[in-house]
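Got a structure here, written out as structure tokens. Questions coming.
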Amino acid sequence: MSNHVYKKIELVGSSPNGIEDAVQNALSKAAETVRNMRWFEVVETRGYIENGKVAHWQVTIKVGFTVEDES
Amino acid sequence: MSNHVYKKIELVGSSPNGIEDAVQNALSKAAETVRNMRWFEVVETRGYIENGKVAHWQVTIKVGFTVEDES
Amino acid sequence: MSNHVYKKIELVGSSPNGIEDAVQNALSKAAETVRNMRWFEVVETRGYIENGKVAHWQVTIKVGFTVEDES
Amino acid sequence: MSNHVYKKIELVGSSPNGIEDAVQNALSKAAETVRNMRWFEVVETRGYIENGKVAHWQVTIKVGFTVEDES
Amino acid sequence: MSNHVYKKIELVGSSPNGIEDAVQNALSKAAETVRNMRWFEVVETRGYIENGKVAHWQVTIKVGFTVEDES
Amino acid sequence: MSNHVYKKIELVGSSPNGIEDAVQNALSKAAETVRNMRWFEVVETRGYIENGKVAHWQVTIKVGFTVEDES
Amino acid sequence: MSNHVYKKIELVGSSPNGIEDAVQNALSKAAETVRNMRWFEVVETRGYIENGKVAHWQVTIKVGFTVEDES
Amino acid sequence: MSNHVYKKIELVGSSPNGIEDAVQNALSKAAETVRNMRWFEVVETRGYIENGKVAHWQVTIKVGFTVEDES
Amino acid sequence: MSNHVYKKIELVGSSPNGIEDAVQNALSKAAETVRNMRWFEVVETRGYIENGKVAHWQVTIKVGFTVEDES
Amino acid sequence: MSNHVYKKIELVGSSPNGIEDAVQNALSKAAETVRNMRWFEVVETRGYIENGKVAHWQVTIKVGFTVEDES
Amino acid sequence: MSNHVYKKIELVGSSPNGIEDAVQNALSKAAETVRNMRWFEVVETRGYIENGKVAHWQVTIKVGFTVEDES
Amino acid sequence: MSNHVYKKIELVGSSPNGIEDAVQNALSKAAETVRNMRWFEVVETRGYIENGKVAHWQVTIKVGFTVEDES
């Protein structure tokens, strides 16, 4: 296990509900094509404003996943 | 639209409820005097503690808004 | 009051529920041994993923507390 | 002169032509209301893409200007 | 639109002509295989020197593009 | 009190005497127009040199002040 | 050569032996699917501890490789 | 001597007089319980404002001290 | 397991042999008094020079360990 | 070639024309006394303003050059 | 004047008296061999401790000076 | 000794063997012309890849040395 290699990709998830939901949305979309996702790191949190209110949150994360053996 | 100029101001919002609410409180107060707010970026998240519990969250954001034409 | 000295310690709290809960969990554990906690600063936000979903959030904070007089 | 006080504001200028033009656009707009602008610092450079080409550049700057005496 | 997920990739473009051209070269190459590129952020600007002159500029950018639905 | 909103502005103060005096000079000038200043953070310290000696110190600070109610 | 475009990916390699070996392990795994790797940059160095000893090193790198022509 | 191990702790000292005095106040308080303090690094400088004047300086430092042998 | 709380401490280890050995020396000394150390992060790498050669390496790490239950 | 040693120096170049010209001006001046300059990295971009227009750009770069053998 | 080229060097000055004095000591020593020093930027502030007191301050600065014409 | 002034220079050393060797190579080359080198700080670690293997490591360091008296 100490020889595992991981790859990290950078994603931006959005949600009108909040930070946690924006992260989950990014992970759900990524899970359609990426297997073995293990952890994420929040890189940036921002959002768009409409009429003085938060319209949606936009959270940038890095996601680490195990690089599988080719065989 | 590609010639828009934006100004960014730095605000600190507070709330006993959480990060999202602290951001919204800052935006609501700013909306009293600033028009055309477009986006925000979370710069710092901190909070005050009372009796071992989070008393209130304090979130610093930068808010970007369109600089309107003078005429 | 202007001569107070504070010490800051670094903690990592976890929670399946979200960022705010992870911070509170770290503070509750620290409150068992540390008195006079005054403020915290969020240093890093990350989490672990299971089956494409956030399994638990992991938030690193610095906590400041008053260094009490020795007498 | 060694007692001057300056204020710094943060602006985002845009231009389809390039970085230098985006900065100048921000300054031209600011010059409508701010006097005594002295220097700027480039904080961030980004841009929007349409059809695989840079549609417009977007440069964030801080602008320093002399705070004038009240009398 | 508030539920969009974006992926960011990191590219290095080169050009003997300048920063803007190096960025466009990176985007043009990426456009051969990546659809829906939306924005870029300049991460680093450097260059190589020959005979005391800039031989070519080398600009590192992050490019954000919409992750399309799988169906 | 936990719902206060603060605004932060960035100032540069100068003084031939030292860092503390440069900060106070910035605050004194700001106090002519800004009410309810609460705290400052030192962002950058630099200075100008004449004949091998520090001619004056130049300290950049961010100043936080309470945003007052509109009524 | 001055018009080359490079892509950078982020990998995490592990090894019980040390930093250099962890980097080489990440490169060896990547070489199974990526051609034309040219350089790497160490982003973060960390490790896991068992019984007071380093169990394995974990090094995050960015790897740059030439984006090949599509023909 | 080349095998010494040091521990670093983070402290915040305050003083109405200035930066140097705030650092010394933090060290004096720490010296009541920590032996063998060797060096400090200034991490952050800030302060509180009353009536447009610096009420007290608040300086965050890291202090390194030799970890003594257990026997 | 998702509710664990960790504390992080900052240590500086030294060794004439290299970076890995300096880290292990810091961990060995810490293991005399700290239980349940789980991971470390390298914060800074430096060293002292004698006669144009590296006399000893000095590596600053943060060490995370599980905060045990009080009962 | 893998044993080359490089030295990096920090320069600030100026130009009324733009960023690329400011960098080239710094290199041209350095080329009068430094041989074997190989690459540069842009560290900071700023400029001075006169009458609401960019008077000249000022770009800080680090320049790497091969340290030649003493014989 | 808009075509001036500056070089920046990094110095560490020391003083038992405080930050300002440590900076001046570095400048005084540099003035023995460097002409045309124009400005400095404080990069790092630290110090050594003896018997729980600051023994001397150690301030790292970057100093910018005009590169003179070769003729 | 508390009045010493140090100068810091930035070097890049290379080695096919590893990080420690790359640092020593930079110091050995510098020792040909610089006296009184006292310490170094690792600024950046990178390397070049050939055929999926590390061809050589390239480590950027800052080296501090005592500025000697002119007499």
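As written, the chain order gives the labels A, B, C, D, E, F, G, H, I, J, K and L, with residue 1 at the start of each chain.
Everything that follows uses one rule, which is that contacts are C-beta pairs under 8 Å (C-beta built on N, C-alpha and C of every residue); 3 or more make two chains touch, one makes a residue touch a chain.
Here the structure is a predicted model, which is why all the values come from computation and not from measurement.
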Need the graph distance between chain A and chain D over the touch network, please.
2
Rounded to the nearest Å, the gap between Cα centres of chain B and chain D is 21
Inter-centroid spacing, chain L versus chain G (mean Cα positions, whole Å):
23
Could you grab the centroid distance between chain F and chain G? Build each centroid from C-alpha atoms only and quote it in angstrom.
44
Approximate Å spacing (C-alpha centroids) for the pair chain G, chain H
39
Shared-contact residues (touching 2 or more other chains) in chain G
9-10, 19, 30, 48
What topology does the chain touch graph have (line, ring, star, complete, other)?
other
Please list, in label order, each pair of chains that touches.
A-B, A-C, A-E, A-G, B-C, B-D, B-F, C-H, C-I, D-E, D-F, D-J, E-G, E-J, F-H, F-K, G-I, G-L, H-I, H-K, I-L, J-K, J-L, K-L
Any idea which chain L residues touch chain I in the complex?
19-20, 23-24, 27-28, 30-31, 37-42, 63
Residue numbers on chain G that touch chain I, as the complex places them:
18-19, 44-49, 51-54, 57
Provide the residue numbers of chain F that touch chain D in the complex, in ascending order.
9-16, 25-26, 29-30, 32-33, 48, 55-56, 60
Complex contacts: residues of chain D adjacent to chain F:
2-10, 62, 64, 67, 70
